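Below, chain A partners chain B and then partners chain C, in two separate complexes.
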Partner chain A sequence: MERVFEIIINGLSTGAIYSLLALGFVLIFKSTGILNFAQGELAMVGAFVCFTFASQLQLPYLLAFLIALGIGAVLGAFIDLLFFRRMVGEPVFATIMITVGLASILTSAAGIIWGHDVHAIRAPFTDKTLEVGNVVLTHGSLITVGVSLLLFVVFMLFFNRSLLGVAMRGTAEDPDTAGLMGINVNKIHMAAWAIGTLVAAVAGIFLADQSFVRLSMSHTGIKAMAAAILGGMESIRGAVVGGLAIGLIEGFAANYLSGAEVGGFHFGDVKEVAAFVVMIVVLMIRPHGIFGREKVERV
Partner chain B sequence: MGGKFKTSYKGDMALFQTLWVKVWLGILAAAIVVCPQFLSTYQISILNEMAIAIIGALGLNLLIGYTGQISLGHGAFLAIGAYTTALAAGELNLPFIVTLPLSGFMAALLGMVVGVPALRLKGLYLALGTLAFGFIVDYILFHWDLTQGDMGMAVNPVQIGSWSVQTEKEFFYFIACFAALATLCAKNIARSKIGRNFIAIRDRDIAAEAMGISLAKYKIMAFGLSSFYAGIAGALVAHYQKWIVPGSFDLSLSIAYIAMIILGGLGTVLGSILGAILITGIPHGIIYATDVAKESYPALSGLIVDFKLGIFGLIVVLALLFEPQGLAGIYRRAKVYWKTWPFKY
Partner chain C sequence: MLKIANLETVYSDVILALKGISLEVPPGMIVALLGANGAGKTTTINTVCGIRKALDLTVEDGSIEFEGESINDMKPHQIVSLGIVQVPEGRRIFAELTVDENLVIGSYSATNRRDFAQRKENVHNYFPILKQRANQRAGYLSGGEQQMLAIARALVASPKLIILDEPSLGLAPLVVAEIFGIIERINKQEDVAILLVEQNANVALAISHFGYILETGRVVLEGPTEQLRENKDIREFYLGLTEVGTKKSFRDVKHYRRRKRWLS
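Let's turn to the complex of A and B:
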């Protein structure tokens, strides 16, 4: 029983990272209709920026965190300005492939700037633990879960109550009509990219706290896509639920399957692939996800 | 546009439309036969990589460029072809004449399986599905005893009758035949009923269905054909490298193939070839350039990997932003420009 409880706790804390990354996907997809394959790379850049300021320049952690978020937002706005401003209304293939190309560019730039070494960020809450009964909870994972729930509430309010949020939803539905209604579509897209990248940076920094700062951490972004698909690409609620679910599934698969062997097939690090199996299953059964709405195509 | 007037249906359907096309193709064929005699082994090895890439890129272009189905899992089909060859030639001792088509059909079979969900999925959902498929294939190859995991598998050299392909030069002539055959097939598929149906599906699938094109049949056919090409390319890669490991068929290979067809031109046979040649050539160009610059900037050599990845990304992004028709589009425009000069159109 205790073991199960521990798996759940660990799964939720990994899942919270997926939730944060999936939130970024959903934010950008909801307002611009672009699926951003570079979300994991943006998270990686955010983590590296935080590392630079916190560990190399010895600034206070909170300040470095905020600087990383600020740089993330500016980077997002720049990406929109440079790449996606002229891509409005282009076919899906083109926009997807630009984000894939962007992912390669970001990885390459990060490799040139920060190198291929593995680093760690020392946060004030690193290595601090809290014991409830016999279960050990790290402060880092508690804060991660807390922040992703907080952001969930903030974005729910943002999209339902604020003018900018409603404008973003309108722009996603139909950019042309939104433009005619007096919404500045370019500005909305830029804001979406800025916020989406900012959320990615948050995810990257918390991910760095759970593991390390390195180039390959961007791989988590692809797994978070499974979370976004599971929850529904256009649902904020779905991103959070999907992320936590993927985290739990990974946790249970890693604990109960990794030693297994069937006919010469070793399951091994099944954790790496569980998210993709979930993704394929969801795409086969319910492509619009748990909370998504099925799109009806007009002829 | 241009000075090409056709007076008969047969003339319109001709594979080589003008005398000049025939002449240039003849010169190209002669160059392919003669060139290896003057090139070093390293240079021929680059040509070999290019020829294999051409086969894979032609297949991917049939799927993405002609049919409009996004696939981020092309590398997985190459892997399936390569491993089928390794297993069939190594464990079962089958001759090359059997293993090559077997690899193609194995990949095609799995491609058609992947194509079935594609009937429901569109656009980015299909991209995600194929992406996940790629990761799962990679994972299976790593963890299955049959494929020997991260140890990789040794592959026998090609043996046809008593002739065995050993040197780079022999291999070049050998692959060049396949590349030419693949090009011819792709060109014929593209201009036949099948290719036209593919294009109709790409342009508007609902309209295509309304016109009586069976979406299920042709989408699955596109996946099967594309995977068949990938399987053949994979089999040739396996024979060429003599040793295959799962990690070399990952997402980055799929992205490299997509970069080829985007740079070359989506939905053109010429584009697949140009793209394959350039994308395969660029890393070698970078290595050459850094070799030259190494003396003055020694730190540069450690950055080759980063540069390679970044330049691929940059090519994809810039091509999509500024030249969505790719090199084939530039070529077409240049041709029209010279033909109609000094008039604008």
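Let's turn to the complex of A and C:
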């Protein structure tokens, strides 16, 4: 029983990271129509920036964390300005290829700036644990889940209650008409990139706490994409549920399936595959994802 | 208020859509812009509203002025902030958002946020149905209700000029009559000028003060509404009335084509 509880908490904390990445992914897609294949790379850059300020420059962790978020937001805005402003309404394959190119540009730039070594960020909560009965929980995973939940609530309120949030949703649906309402569509796209990159940085920093800071951490991006698609690519709710689901599936698969032997058949490390198997099955049953709907249309 | 002079526009550098039109909307008036399919009505208002880049539309010649200021080169959101709001052809409400959220977006340009609730209430007075449906997804409204929402969304910005592109499109006569009644009330009570683009000359001339007739990118006729309503050609070609007031039959269409030549 304790073991199940630990698996759930750890699964949720990994899942929260996927959810954050998926959230940024959905946000950029919904607002600008661009599928950003560089989401994982943006997270990696965020983690390295935090590493620089927290470990190399020895600033207080919280300050380094906030600086990394700020730099993430600026980087996102800059990427929009440099690459995507002129790509609005252009064919999807063109914009996708730009994001793929952006991903490798970010990776090599990070390689030049930070090198190819593996680093760790020392956070005040690193290696601290909390014991509830027989269950051992790391502070890191609790903080990851807590901060992520907080961010999700903030985003829910932002998109449902604030003028800018509602305007972003309207712009996502129909940019031309949004322009007619006095909305500066360029500004909205820039805000989407800034926020999307900021949450990617949060995800990267938490991911670094659970493992390391290194170039290859960007591979998490592909799982975030799976999470987003699983959730339906539509909503914050979908991204969150999709990310948590994939985190939990991985946790249980790693603990109960990896290395198991069933009727003479030996499972290898199925953790990496399990999430995608579930995603494929879900999509075959519900092609629009768990929460995805077809467009509102009156017949 | 709005003054267009010798406006000439082309699509994709080749298609001459407006061949030098001039028109004016004075403060507080309803001005009708009438014309058949492809006459250039939507082109005219898109040019005014700054929707050029997305359509590959360029202004070759002429000027557009609003309250004495040239708006030829302004971006759509800048033009809205001057107080010109468009109710686009085909309504274009945000189907995925709720009725209320559509109004929130409509008020985006308003710098004073505090009186939003009051402005929304004012809009609800004209369109009570929108209050009942406040939290419903706008995509599920009926066509008439969507048109009401599109007008409400423009009105909630407290504009000085509302440009309506074919508000009667696809609606039953009874609904059209209701909506045009409300448009007339809005014009009177809100002190807002209205540029009313229509194919349905009958209803448009019933509530407007002045009218322009557009044909293939040219203004072919203009005048106070009473004059236009009395004009023999308009009665025949746009209102579908003959001298005795009966509906024209299809046989007369050929005759219309022949007569149309001198109009254009």
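In the analysis below, the second predicted complex is superposed on the first by the 286 of 299 C-alpha atoms of A that agree within 3 Å, B and C clash if a C-alpha of one lies under 4 Å from a C-alpha of the other, contacts with A are read in each partner's own complex, and residues count from 1 in each chain.
FYI, contacts are C-beta pairs under 8 Å (C-beta built on N, C-alpha and C of every residue); 3 or more make two chains touch, one makes a residue touch a chain.
Note that the coordinates shown come from a computational prediction; the quantities given were computed from them, not determined experimentally.
Chemist: Once chain A of both complexes is superposed, is A:Ile280 in touch with chain B (first), chain C (second), both, or neither?
Modeler: A:Ile280 sits against chain B, while chain C stays out of touch.
Chemist: Examine A:Phe265 and indicate which partner it touches, taking first as chain B and second as chain C; both and neither are also allowed.
Modeler: After superposing on A, A:Phe265 lies in contact with chain B but is clear of chain C.
Chemist: In the overlay, answer first, second, both or neither for which of chain B and chain C A:Met87 touches.
Modeler: A:Met87 contacts chain B only, not chain C.
Chemist: For A:Asp176, select first, second, both or neither according to whether it touches chain B, chain C, the two together, or no partner.
Modeler: Only chain C is touched by A:Asp176; chain B is not.
Chemist: Of the two partner chains, chain B (first) and chain C (second), which one does A:Leu198 touch, if any: first, second, both, or neither?
Modeler: Touch partners of A:Leu198: none, neither chain B nor chain C.
Chemist: Have a look and say if chain B or chain C is in touch with more residues of chain A.
Modeler: Larger number of chain A residues touched: B.
Chemist: Please work out whether A:Ile98 is in contact with chain B alone, chain C alone, both, or neither, and reply first, second, both or neither.
Modeler: Only chain B is touched by A:Ile98; chain C is not.
Chemist: After the superposition on A, what does A:Met225 contact: first (chain B), second (chain C), both or neither?
Modeler: first
Chemist: What is the contact status of A:Ile67 with respect to chain B (first) and chain C (second): first, second, both, or neither?
Modeler: Neither partner.
Chemist: Output the chain A positions appearing in both contact lists, the one against chain B and the one against chain C.
Modeler: Residues 297, which sit in both footprints.
Chemist: Which residues, counting only chain A, touch chain C once they are in their complex?
Modeler: 89, 163, 166-167, 169-170, 173-174, 176-185, 295-298
Chemist: Once bound in the complex, which stretches of chain C touch chain A?
Modeler: 49, 51, 54, 75-77, 80-81, 85-86, 88, 92, 94-97, 101-102, 104-109, 113, 137, 139-140, 153, 157
Chemist: Would you mind writing out the residues of chain A in touch with chain B in their complex?
Modeler: It comes out as residues 35, 83, 86-87, 92-94, 96-98, 100-105, 107-109, 111-112, 222, 225-226, 229, 264-268, 272-273, 276-277, 279-280, 283-284, 287, 297, 299.
Chemist: Under the stated contact criterion, what part of chain B meets chain A in this complex?
Modeler: Going through chain B, the ones touching chain A are 64, 68, 70, 72, 117, 120-121, 123-125, 127-129, 131-133, 135-136, 139-140, 142-146, 149, 206-207, 255, 258-259, 262, 303, 305-317, 320-321, 324.
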